[in-house]
Amino acid sequence: MIKVLFFGPVAERIGSSTLQIEYRPGLRLQDLRDDLSKQYPQAFDIVCFMAVNGAHSRDLSQELADNSEVAFMAKFSGG
Amino acid sequence: MLEPVRIQTEDFSQDEEVTALLGSSKRMGGIGTFLGCARDFSEGREVSEISFDAYGSMALSEMNILRNEAIAKFGLLDARIVHRIGTVKGGDNIVFIAAGAEHRAPALDACRWMIDELKERVPIWKKEITPQGDSWVVPHP
Amino acid sequence: MLEPVRIQTEDFSQDEEVTALLGSSKRMGGIGTFLGCARDFSEGREVSEISFDAYGSMALSEMNILRNEAIAKFGLLDARIVHRIGTVKGGDNIVFIAAGAEHRAPALDACRWMIDELKERVPIWKKEITPQGDSWVVPHP
Amino acid sequence: MIKVLFFGPVAERIGSSTLQIEYRPGLRLQDLRDDLSKQYPQAFDIVCFMAVNGAHSRDLSQELADNSEVAFMAKFSGG
């Protein structure tokens, strides 16, 4: 399983702060993003950043390991 | 002793943070700090409270990376970063950055760099709660 | 309430100064501060104490002019400047500058401008007391 | 009388923090500075700034009023 996390404005648009997605070998960040943005287009409109296992990721071709934690995040507004 | 990088719901004391910073070196001649606080007015609307959501574990690790980078980049003697989450009211403290160096220029430069970078890198989101309803803050570019 | 511009022998509290600053406006979103403190090491020599001489009345009036100029130039909501005189030990506070504005950029810019200008304009002199003897500090250009 | 003030390193070189100088009509800041720097050349070597009645003065041609307070000061090192 892949654990997908949402926060703040993205979580609000999705209506949930976490989803469990079935793992499949060869699954890339791009695939996950494409699947989820078809399901939740309004939420993914404001997604600016991605993280894999708690670290920034800009590489959509990155293959995900089973049990990865992935976050799709809106622009930060802390501070 | 309080950790130099923290995310917490409780308030913090600037005096305690600065005392901890100063305690790390007797060679510290200058300390630059930035305190961000909740305004009761934003974009023309009255704001009664601000609430925060955060990717806690990542935010903490990004803040630690930021502190280490600032120490290396500006030759600091020490630095601290504290960010509150939960809900705060107008006038309340939100974020505190402190940079200590032998001289004032690197301390002030590093303080500014850290708050600018924190806003770019650290996964925390702010929601303004107003009498007209709530809204997530959209940062300006 | 403590005056926003002071010269004093006693120590000061950053928390008290920042609370006083914040009290002047609920629109304050960012506060930049600079704290200068006594190092126990300078130019390769151990420093046991620092003592100050000042042209008190002129120093106070120059600090007030500086504060007013900073408020006008950077559109600050408020600013404070406190300088200690007398004798201080290593690690002790010497000078505190705070600038509060709606947003962080003017607060941080004004804080830096005030400490830079204070060093140029305000008639205060520092003497380092070391085991090898005393010497007046010659500021670098 | 003109009250002349010295502080910090200048006072140390002069051996005093204040001098009373006889007032004479037409006395300019330049005259006072010339007279004193002949008497105390070592102290005036480090004089960078002057103040008249507590305000910075850069105008050596300024005429001094009776009972003025004049300061000859080394480079500041506060902060």
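For clarity, chains are labelled A, B, C and D in written order, and residue numbers in each chain start from 1.
Note that a contact is a pair of C-beta atoms (placed from the backbone, for glycine too) under 8 Å apart; a residue touches a chain by one contact, two chains touch by 3 or more.
Quantities reported herein were computed from a predicted structural model and do not represent experimental measurements.
Roughly how many whole angstrom separate the Cα centroids of chain B and chain C?
22
Once you find the CA centre of chain A and the CA centre of chain B, what distance in Å lies between them?
Those two chain centres are 26 Å apart.
Taking each chain's centre as the mean position of its Cα atoms, how many Å separate chain B from chain D?
Computed value for the inter-centroid distance: 48 Å.
Taking each residue of chain D in turn, which ones touch at least two of the other chains?
Residues 79.
Would you mind listing the residues of chain B that make contact with two or more other chains?
36, 104, 115
Chain touch graph shape: choose line, ring, star, complete or other and state it.
If you draw each chain as a dot and join those that touch, you get an open line.
Using the contact rule from the top, write out all pairs of chains that touch.
So the chains that touch one another pair up as A-B, B-C, C-D.
Quick check on the complex: what are the chain C residues that touch chain D?
36, 52-55, 57-59, 61-62, 83, 94-95, 115, 118-127, 136-139
Using the touch rule from the top, collect the residues of chain A that touch chain B in their complex.
Going by the criterion above, the answer is residues 5, 7-9, 11-12, 49, 51, 54-56, 71, 73-79.
Could you please specify the touching residues of chain C with respect to chain B in the complex?
Touching chain B from chain C are residues 13-15, 18, 22, 26-41, 90-91, 102, 104, 107-108, 111-112, 115.
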